[in-house]
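Below: one structure in structure tokens.
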């Protein structure tokens, strides 16, 4: 007769692998690539500075993937937010806050419409969000074809601001102490990570995401409003895309049609590496955070190794993605037996 | 007299082409464990689904204690509110959530939940019901039995008066069943009425007070368990002769005696589905049968022969030659055909046309690079649509839009077209109307008289008696007897299944 | 298709009408016709085809229709493979754009060797073509193994090559940006003296081969059977894993041909920017052709028409002076409308009208 083996949960297992891999790569790079800057705190800060927006966006994707759906429109939405905010900042006297509201509104609008089509009209998530991606990028071109820069004093002032933590810094070659600098966007991203951690772990809504993704039929018999939960997941993803898009703008201060191309796939692959299953029901924010960081770190390491060939970073990332996907597949098939 | 908790009166329910329930009554008292028994298609699950609001009844009345008027349940959620909860064989909880979460999720719409309080509450529930699980444990790490108990605990905590257990024991081992039973007794002492759907006879005798037997959508009767011997119960479940079918004569028997040519011979065959090694022989022109209750392993045996499950032990000879059958295609090329038990899942390919469904098996045997032309395929399809009288608008109609009986005929046509030496029919008559049943039985005998060797499996014992000349009897994944000739009587079969020697 | 133009008996006019409306190619064709009509309306000379001369004085055909047929080549070829993959594995291959970069990289390396401005072909073009196709098929096989053997969702499995493909392409070229000799350009432009663009010929050949294969083998039947119900396909002697794998390899072959045509067009390849977003267009073509993206349908003619529809739309918007980058907005609207009218909920809403979703699969549902 059937008997189940007591095993540590898959989530915990995959998460452990991701985190330990990040730690191992980081320690190795400090040991062997220390002279390339890896022994500096600023390096770690830069890793966060560069990836703050992606962390937020990947959190959103993790949520929709947990419910068993997908959203590939986030890259397009980000590009749209950047361009439209810049146009408004430059031409219509928007300030930081009105721009933020515009960004959130765009994100929420995409989330709500896509969520409605997916949850209530039962259209395929992939196709709906593919249309969302087309729409986002296309609208960018309708608003402004050329690459544009923020020309708004107030905004630039804010976006140029850095956090300096006392005594945290590095000593450069000349022996001068240089304070390490962290962008404000990172703080926002980390706050969101913590909020999402709490939301997914502790709230009814968060647990419903897992329930719906794990087994929507069961979730229905348990009395969960499955359609509403799916809608909420997409709405939340839209909101996070809005915030993430704004952080992207905050960091780059520019906008173009080709901006953030492939961002959605970076976010998806970060989620997968972090242990989120595309089949739904499994995933966690902490893993996603490390998924993003690992991706960023690999880029830095491969570049630092001094290989002049520009293709290795992406190939290494794909190799890593492949490793995690196959690992998950093996774990899943073992579970079935 | 005990307090009556639930009554269902004169329940009718029909689906297109099938009358699932006809004039069924059911009564449940407080603190009673009431078994609901019957073979496949008897209407057990339909009755349960009517009660829980999955289906709406065509006619009849349902009363529940505490509500004056007859109730009309429209959805499972509504049933919950009335105090009717169901625990299905396939766990309807979320395995990726914790035990506590499974107990409390979906019960209110608040955004914030005090999980600490819930955990405490969960702990006390688990303790009071003696369920060996921790509140914070992920459900998928619990055994199936514990998962089931958690589902029951959830139902109990939601103040259910009527608890329906739909085949809860089919994937549990003995110890786990014992645990489940002690939980059921605990609930019984609390006054919960339990409806226990099962096909395990011994378990029913161990735990139940009363039993209601259904057959073919009709009520056979309600009995006190203590007053009903097992053999009589088996007889009631399997039923007596049906007038329309009586005129079919078994001509197969004669053929079997005259032919000694062995088509298929299995020695100590066992598959990864858990059947114990078994021996089996099928002669030319003979109709053999695997008898036994649902879940006794009859399908697993034939699946092993066909290579549908992975064979882990034993040998198979076809026409005297040793054959290694590792895939269905190899079996097909050796002249074996297999009509599977679950028509929807394993049989039809829904959106393909009737024509494509009919030619598929022959086509795969013929090979990838040798497709039939459209006119050839059409000719094959039309031939068998005529022979078997398949009711379809055209050969282009998708098979999923046909009725159950006609879908079954399409699959039958598919295998007849391959002209197999040995044809396995696993429950070919399940869920189809009586007319088609008779046609299929006639066809089986006709094919056997033409020299085909056939294995016929059915939940209805008379069908097997009428068509088969030799029966292999199974119980608990094991062959427990073989009956032939004059030994093949209903009584004998039932005694063998029930494990009583006479 | 000729079927649609069949003249109806006066007696059976109604049922013949119904038959036409219910034909699975009805929506795709009507939609394409609609677009062409708009084109003719906004640009009266739209249908005109004339014989002109190119820069070196060779006769060439010029005209909007010719341009559409020419430019749609890659998309049509990819849509063929994508239809098969979608049908068998219930998912789509999103790596085709990236694998075209790999194919392009391999072809350029073979033809140009290590030089950036080669004056001659370093290898015969046929060798380049074969190696390009092999590279494409290897990529397809990689995806196929992940999908068929490891049971990974197609989108996730192909995400790997999606990420790596363009970099691998660049690696294959050794980081160089060579420009091949002009004779390599014949296959993406014109063969001197022959007025029809070569890609159109290649499209015709590929489409013809496709229909021949579908007619002469059981590819179509097997693919659909596996896509609809792989459990019962296995009990009918099919090997679902092998068939899924095969469709991915065929997809890879299509990528090989498309990559060859694409790299021949300008005789140079930039792996990072070659055919951007073509995977999404190919998937869209499959959906426009009336195929279910959930697998099990195989409407090859529909997909091909879908591909031409997309190209016509693009060309129309260019005529209207819409920026190329804004074209996706219109695609998005079309996707949502076309998919929305096929969903059960919307269908129920319009149940009194023609049941659109059934156009693709069912002809005359009836209960026995």
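Order of writing sets the labels: A, B and C. Residues in every chain begin at 1.
We take it that a residue touches a chain if its C-beta (ideal position, glycine included) is under 8 Å from a C-beta of that chain, and two chains touch if they have at least 3 such contacts.
Quick caveat: nothing in here was measured; it's all calculated off a predicted structure.
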**Prompt:** Which one of the chains is farthest from chain A, going by Cα centres?
**Reply:** B
**Asked** By count of C-beta pairs in contact, what is the leading chain pair?
**Response** A-C
**Fill in**
Averaging C-alpha coordinates per chain, one finds the centres of chain B and chain C separated by a number of Å equal to 46
**Asked** Just curious, how far off is chain B from chain A if you go by their C-alpha centres, in Å?
**Response** 47
**Item:** Interchain centroid distance [CA atoms averaged], chain A/chain C, Å
**Value:** 32
**Item:** Residue numbers on chain B that touch chain C, as the complex places them
**Value:** 16, 306, 308, 327-329, 332, 338, 340, 345-352, 356, 360-361, 363-365, 367-369, 371, 390-394, 396-398, 401-403, 405-406, 414
**Item:** Residue ranges of chain A in contact with chain C within the complex
**Value:** 70, 117, 120-124, 126-128, 130-135, 137-142, 145, 257, 261, 265, 268-269, 272, 278-279, 309-315, 317-319, 321-322, 325-326, 329-330, 332-333
**Item:** Complex contact set, residues of chain C against chain A
**Value:** 92, 146, 150-153, 155-157, 159-164, 166-168, 170-171, 175, 276, 280, 283-284, 287, 293-294, 323-333, 335-336, 339-340, 343-346
**Prompt:** Can you name the residues of chain A that touch chain B in the complex?
**Reply:** 1-4, 6-7, 9, 11, 202-205, 207-208, 210-211, 213-215, 217-219, 221-224, 281-282, 335
**Asked** Taking the complex as given, what residues does chain C use to touch chain B?
**Response** 215-219, 221-222, 224-225, 228-229, 231-239, 296-297, 361-368
